[in-house]
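The structure appears below as structure tokens.
Chain naming follows the written order as A, B, C and D, and within any one chain the residues start at number 1.
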Amino acid sequence: MSVTEIPAPLLEVRDLAVDLPVGKGHRPVITDVSFSLRAGESLGLVGESGSGKSMTVRSALRLLPAGSRVAGSIRWEGEDVYAMSRSRLRSWHASEVGFIHQDPRAHINPLRTIGDFLTEGLRASGVGRRESVEKAEALLERVGITEPRTRMRQYPHELSGGLLQRVMIASVLLVEPKLIIADEPTTALDVTIQESVMAILDDLRRHEGVSLVMITHDLDLAAAVTDRIAVVYAGQLVEEGASGSIHTEGLHPYSVGLLESRPSTTRRQRLRAIPGRPVAAFEAPPGCVFVDRCAHAVDTCREERPSLRPVQRQLVACHRAEDLQAPVVLAAGGAL
Amino acid sequence: MATPTLPAGTVTSTDDRAGGGPPSSGRALLASARRLAPLWRWVLLPLLTMLIASAVVFFALALAPGDPLAQALGSHPTAESRALLEAKYGLDRPLVVQYLSWLSGVLHGDFGTSIVQKASVWSLIAPRISVTLSLVAYAGVLVVVGGLASATLGTMVKPLGPLVTVVSAIGVAVPAYVAASVLSLLFVIQLGWFPALGAGDGLGDRLYHLTLPAIALAIGWGSYLSQVGRAALREESDREHVETARARGLSAGTVFRRHVLRNAAVPIVTVSALAVAALVVGATVVETAFGIDGLGSFFVTAVSNKDYASVEAVSLLLVVLFVLLTTALDAVHTLLDPRLRTPGASR
Amino acid sequence: MTTLALPSVLPRGARERFRSVDPVALVVGAVCALLVLLAVVGPMISGYDSQTGDILHAGEGPSAAHWFGTDALGRDIFTRAAVGARLSLVAPAVCVLIAAAVATVLALVSSWFGGWVDTAITRGLDIVFAFPSLLFALIAIAIFGTGITAPVIALSIAYVPYLARVARVTARRERHAAYITAGTLQGLAPSRVAIRHLLPSMFPVIRTQATIMYGSCLTDLAGISFLGLGVQPPVAEWGSMVNEGRTALLDGHPEEALFPGLLIVVTVVAFNLLAERFALREDRVK
Amino acid sequence: MVEQLTARHLRKEYRLRGGETLVAVHDVSFSVSAGDSLAIVGESGSGKTTCARIVAGLEPATSGTVLFDEQEVDAAQARVSARRWRARQVQMVFQDPYSSLDPRQSVNDSVSEVLAAHGLHDRRERAARTADLLDKVGLPERVGRSKPKQLSGGQRQRVAIMKALAVKPRLLILDEAVSALDVSVQAQVINLLSDLRASEKLAFLFISHDLGVVRQVSDRVMVMRHGRVVEEGSTDAVLDAPSDPYTQRLLDAIPRPGWKPVARAV
């Protein structure tokens, strides 16, 4: 490992590999993921179902089921996350990171009011009743909820999904976290509501210096709201780089394929679909994880798993990154 | 019910809210009334159910084969003595009239006359009610305390888990009459700690006499409550919102109280309430086994003697109790779960 | 290795999905096989008759000749328990099968037609539900007299609401699943969609519930015989044996009461475990 | 010209508890001519799916009429022949690939069942036709012997499409049929749908919230909001130069490079 400059990155994930317990055995969900995140930066973790993108952040936050095996190193401001004591871990979770989920409804106790949900953390840490209520109401307004007083008295089932997601964001903001992790925060929402929710997150990042890790299957969305993008496939990080450049000059055939698969709203044309279906880490072939779906695969790809290396301005895990540069750029340009 | 007759769907899952997973028996059982207006749901429907049930009991017994007067008439019945008795007990009137007069009598506290026992049914029931109630109350306390304590211990104290699992799995399968035999053998014959028969007089003596019967009665439902409670606690503590609460740094105790226990209350309350109702019926077996002269053993005697007036009266009492309990349970559910308060608001 | 355990990471049911060999299933299978063996060949190997006693050897404890001793009339307890197994095991099975059949049909009809049909069936079931099962059976005995037939039929009816409501929840959910809708759209006869597609979707949950019900039905029926209202002497049945054994129990010969009692407990435990396996499998299908 | 499908003044009301009425569809009319592809676009609660279900005969309209070849269809469709006739007019593919197939039936059996219901009684012919259909939706033969559980989401959705095609319908309703699929698989299915539309001379009624998908598969588009039609026209015209502010807002909400999301208070 190279000597990191001071200050240490906010979150650094090195050579992460995770096996989850399945019955009596284990099954790999992540085989090779590394990335780092500086304070105030935003990263999009992009991948399809089963790619391991959610598991990556769960591992990073040490939120895995009992019996999981984790290899590699995860550091928070230089501190080894897996060496944290129980109480340190709890206070870290409680005060420095915030988690926003795809399904806010499942993550808010249905039998308690929104007010209860928002204030219980504060109250537990000794803040007075009136003060915590005021703070919660202010935050509800901050995330664009009018009439916060009424909302505080309502139960989750009385609120729409979009509203609940705003409540979730407000609850995360209560503790003024350094990092917000948003796991497909808008997948279940309508586009116009997605826009509002993304605007709130974007605003937090820009104006309050919160770092953001955004997990999504939508490369366009990630490109629009994050600084850097990491593309994950079958438990491996296959490409990482600045959002703009991944979006226009993606090198890995999978990132390019993802972009070309997405139907354009501005032009009608036949889509260049990637053949086959996305695979999970445990089903991945021994060589390059993408080899079975790749149009450019050669023998080397079948035999040897490529590791992440710098090519142009990106990091790419592809043996043929250099060869494909020209045509791939052309293809990507054609799609836009 | 000697042991729980409830389908133990709750043991494996307590969730039918989202339509995923096997439905919980308790919820499924009580879900049907939920779409109705409050007056219907809380008042009219239960009353109607009681009314129909009372009619079912009355007409079924009235139409039963065999002669209700057989015993009263003795071995050499004459037409005159029959007519006399029929007139005396009102059996010469049309059935519907008999039913209505019985019903109005019941509403005035008059449960008719037992032809077999030649006494008013109320005079036979009344002294026995307190015996059965104390037995059921005793057993009910054992069920709730024992069931909940073992469920909580089995969940919170990990090493105790397997023990609770095994004990409750066996306990739920032990019928009260088998438990009665085993308890008698151990504590009456071998150790001589408890009396063999009777209900005892005075509070202390009664508690002493009723201890073994109450345990025998409570074993099945207590074990069932323990299983249901544990499944509910486990399921609730696996929920995403509990994870959120933990990740926020709330203490384990707070999370357990405010999010796990509170949310598991619905199936636990359901089973507790149904247990109480079932214990009353189960008292028939236990009272017979321990020679206690209560409502249960009285009912068994009435059944075997074809003492229809008494059977009707006790059946009606039990049905009314059962309906009242299920209605109350529905009301408690509404209090426990805000989602049930605004029907149709959630999708 | 992590210490913070938060299992909800995996979809529900996934945790159990890959269990390979199932020791519980083996034990349950063995117990069931032994019970059947007891009922079928038990009376033959003992060499005694279940109803004729040898008064000279009445009330004896276990011996080589009488493995579980003899009762007050000198009848071999092992033989009576084995013969009793036939009635004690078959009667609840009949009961549960009738209840399951009726409940399935009601749930199917109710979920298929919906509307007032559904309401009528549900209300009807509510009324039956107001009668605890044992009460229902006792009323039936009051009407039709002691014996096993009346309580079997009464319990069949009393168990219907428990099974039907659970089945109805499943059926109503499946009723609006896309494959059922698509079937109707594709011009399949409604009866075919209902019977070939909707009906089988209810089987797993019915199977689980019916298995649990078997245990409680066995307990209830034996309980009725224990009260002296069901199977009448001298016919052997587990519940009535527990009853008859009470006198001997107080005299220090607990075999007659305890042996059939133990058989009841073992059977019910086995069927409850079986039901639990079925429930797990239901989870796995989804 | 005779329109293949005409829906006139559809209105759908739902009675809520407390005596209120929810109008899910509010005087909506549209038509689809042979081989045409109409997309109904809208967010949740716009009434787009309700329209589709009314056309398919899954729900009766409170008022309004649905005509196939200017022939009115009876929503009750009591008779078997009427139901089969309707089945050949319109078929539907649903959103959730996991609930669209009977989990207990193999793919071959389920297709065969549909074929038999439509009068194809010879077993061998049915097998041949099933094989043909599998090929048409790009599935290998072995998929036919599989149970749905063994198939991926994309494969299941192909099977659902194939089952719909088995009836040889003239109109296919696709109710968010690709929105639950992974992007890379979604592209395959969209391409498949375009091919099938050409080769089978199918008309599409495409229900979607995704304007990108709509651009690829439809000739005309109808935008709905709160049960009303706010704009309709050729797909290119509506998406390139929307005239209704709501359509514009939908377009603005789509993430793209340089996109700046705007928050709205609720």
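Criterion: a contact is a pair of C-beta atoms (placed from the backbone, for glycine too) under 8 Å apart; a residue touches a chain by one contact, two chains touch by 3 or more.
Computed from a prediction, not measured in an experiment: that's the story for all the values here.
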item: Interchain contact steps from chain B to chain C (minimum; 1 if touching); value: 1
item: Central chain (distance from its CA mean to the mean of all protein CA atoms); value: C
item: Mean-CA-position distance for chain D and chain C (Å); value: 47
item: Intercentroid distance (Cα basis), chain C paired with chain A, Å; value: 51
item: Numbers and ranges of chain C residues touching at least 2 other chains; value: 6-7
item: Interface hub residues of chain A, defined as touching at least two other chains; value: 63
item: Shared-contact residues (touching 2 or more other chains) in chain B; value: 239-240, 242-243
item: Chain A residues within the chain D interface of the complex; value: 48-49, 144-146, 162-163, 166, 190-196, 198-200, 202-203, 217-221, 223-225, 244, 247-248, 257-258, 260-275, 277-278, 293
item: Chain D-touching residues of chain C, taken from the complex the two chains share; value: 177-179, 181-189, 192, 196-197, 200-201, 285
item: In the complex with chain B, residue positions of chain A that touch it; value: 63, 90-91, 93-95, 99, 101, 103, 106-112, 120-121, 124-125, 155, 157-158, 175
item: Chain C - residues contacting chain B, complex; value: 6-8, 12-13, 122-123, 125-127, 129-135, 138-139, 141-146, 159, 161-163, 165-166, 168-170, 173, 205, 208-209, 212-213, 215-217, 219-220, 222-223, 226-229, 239, 242-243, 245-246, 249-250, 252, 254, 257-258, 261-262, 264-266, 268-269, 272-273, 275-276, 279-280, 282-283, 286
item: Residues of chain D touching chain A in the complex; value: 43-44, 152-155, 182-188, 190-191, 194, 209-213, 215-216, 235-236, 239-240, 249-266
